[in-house]
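Shared between the two complexes below is subunit A, which pairs with subunit B and subunit C, respectively.
Moving on to the complex of A and B:
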């Protein structure tokens, strides 16, 4: 359904180089920090950006072709809904453009538990609510065959966040290709069946197990751990100091950044330190290290 | 079945309906239609009833139709971009050209309903009041006037008013529709004898209404050229819009 063949593209500050991948029906994740190029990759898939070289094929056609673009839905942080309309009107208009006839708006929103938003004006929605509406539109449109979602569990209405995983799997069972980009390994593991690790514009590893992606780059991995408050982060950092698996440790506000060879080992160390020092960890996320940073850290050019 | 392109007609009509001036124009169209029907019924048996469809279509076009077109096209490009309509369409596969087409066709359809609908009602009332070949001929000409007016005014209004300020847009529209008509006594002298229909849009529409052979054909060609030039301007502007 989505094929990238030796694709190179650039949109400052992101660059993709020599990217080859293929995704069929199912839920697939791309794990990487925003600067690694997931948004640019999605722009290529949606036909909003063009590759400098290589070929992008979506649904057996060019992603810039109008008939292909109609069947691709994109959910990012800038929801494409007209502000003067009510949610129901906006969805109705979107359905007319996509050629989806006879869909009941309440039922479409109910798939993510946000049917109460139908009568609200789009301009009154929060970002999280607007993203939930866009997700419901994408996931329930019969014409849509490929869906790309940027950080599905970030800035997402809590009602929708609880249901979006099931909704995406349901879409995948219906033969759709759902591509998820996340900088959180936890989110990727929760939502997708297989994963690709994107680092500095290259897919450096693919696996159906998120565990297998830890440390595969050879550049190590950086883990960011969020505590509930500054004191918690300070205590956690103190508890982690001296752990053999760590190559670096820094604290900033409520978060602690760790670096080491294996994400699993780092996560275990965090768990031990959190239990030992009675600190509540809110979230842990992997932040892949860019090649230049890794080289610099290793004393390279 | 080959994959379909996005459907944009309903989108265009929906956007054309937004704005207070559009509502006012449609209201004026309703009032003028009722007045035309009343006039047709009041002139039962009077030869003047033949004039009712023609007068109705001109009043509807230059009273209601122009108001609807002005209201729908005024700053349409920036409004669509700022309010998210452009992004809604582009993110669902509507190309910049299809977007322009949707906006123009949507407005033309709305103006055709306002002007052509009222004209049809006036013609029907006149035919019921005094059925004659003259009334039917006048109604046919008036309907042709209404339809060609709708197809012409829509791209011209968008090309004049969609970008830039309301004042400059209004002046541009007036310079296309009013100034040539005011200057026609002089400009007609520059044209071959009997080619008066090419002096202005109202003159061309009158030639189509009266349906006089080559005059109507030349008028239609002139209006088509004007609409095509307006569309080319719109396409050029819209294709430079960044992809959302």
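Moving on to the complex of A and C:
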């Protein structure tokens, strides 16, 4: 459905280089910080940006073809909706442009639990509500075959955030290709079936398991561990010091941040240290490492 | 194409501020016409149309109408909601420019006819004929201005090129030299009975306005297709 063949593109401050990938029906994630280029990649898929070299094919055509544009939906972080219209009118306009007939507006919005927005003017919507409306339009249009979503769980209406995962999986079951970009490993793992790790404009790894991406990232993984109190965090940090798997360790209040090559190895080390020092760990979280941070950590520019 | 026209049309119809501004400028035009009539000027309609309507009111009205149709943003940003729903950018731009031009022409034509009828003087052409001719000149000029400003809206982050073209029209279109040939102002003035650019006939100026409108609309559409 979406094929990138040795694509290079640039739109400041993002650059994509030698990018090759293929996505079919299903929910797929692209994990990376905003500066890594997911927005530019989506721009290419939607025909809003042109590659400098290489080829982008979407639904067996060029993304700029009128017939392809109609079947691709993009949910941006700051979506464009027709501001003088009511939400119901906007959805009806979208249906006419996409060639969808006989769709019931309330039902379309209900898929994400935001049917109460139907009578509101688009200009009165908050960012989160606008994103939910945009997502409902994209996910319920029968004509849309490819959907690209930037950060689906960030700044999303809470009613929609609870349901968007199911809605995306349902769209995937209907044969649609849903491409999700997120800088949150947790969001990506929750929403998608397979993952691609985008770093500095290159896909450095693809896997069906988020865990598998940690080891191949080249930048390692950062784990944040929360103890119940300051003393617990201090004891845990002392217990972790000197463990070979760690490349860095820092404590801040009740949390301890550690970095290493493998998330599994780090988690095991934390578990051992917690048991050995009798510290109660209340939460353990994997945090993505942004490209710039990684470069800084490696002594780069 | 009809559905693509719905968004700019709604922007025009539902933006109260745009209506207030258009109404204020139109009221100014009618007040100038009433003043010319009160002064008993023999060429009252000519004076009001050339000195006030063609000089100031028509460009400003078209400027406001285009701004309203685009939601006071750049052409690219104005088309973004339609393009996000899968509309081809070129067609969306065409529909938006068409709505802006038709609205501009309707407002400009009606105001010109009103001014001609109110300010009619003894030495002016018969009132009805003058009103119809003024409506034609105003409508054509307003449509050309709308395309002119639509092209301007293609430049700048918030469509600041629109204001630049308004200034360029004032700066270049005032004289009767060659530079005026490329601006709507010189040709509108000719159609309203003022000094022609390069000694052109009214028919040639009408053709030039159509040419300017077509070229600007085509360029704006091309820009939209390329940048959206």
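In this text, the second predicted complex is superposed on the first by the 223 of 301 C-alpha atoms of A that agree within 3 Å, B and C clash if a C-alpha of one lies under 4 Å from a C-alpha of the other, contacts with A are read in each partner's own complex, and residues count from 1 in each chain.
Everything that follows uses one rule, which is that a residue touches a chain if its C-beta (ideal position, glycine included) is under 8 Å from a C-beta of that chain, and two chains touch if they have at least 3 such contacts.
The shown structure was predicted, so the numbers you read here are calculated from the model rather than taken from an experiment.
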- Message: Under the superposition described at the top, does placing subunit B and subunit C together on subunit A give a clash or a fit?
- Response: clash
- Task: May I ask you to decide whether A:19 touches subunit B, subunit C, both, or neither, giving the answer as first, second, both or neither?
- Result: neither
- First (subunit B), second (subunit C), both or neither touched by A:112: neither
- Message: According to the stated criteria, A:93 is in contact with first (subunit B), second (subunit C), both, or neither; which is it?
- Response: both
- Looking at the overlay, does A:80 come into contact with subunit B only (first), subunit C only (second), both, or neither? both
- Do any residues of subunit A touch both subunit B and subunit C, and if so, which are they? 48, 66, 69-74, 80-84, 90, 93-94, 96-98
- Where on subunit C does subunit A make contact in their complex? 3-4, 6-7, 10-11, 14-15, 71, 77, 80-88, 91, 228
- Residues of subunit A that touch subunit C when the two form their complex: 48, 66, 69-74, 76, 79-85, 89-90, 93-94, 96-98, 134, 137, 143-144
- Item | List of subunit B residues in touch with subunit A within their complex | 2-8, 10-11, 14, 18, 83-85, 87-95, 98, 243-244
- Tell me, which parts of subunit A touch subunit B in their complex? 46, 48-49, 59, 61, 66-74, 78, 80-84, 90, 93-94, 96-99, 122
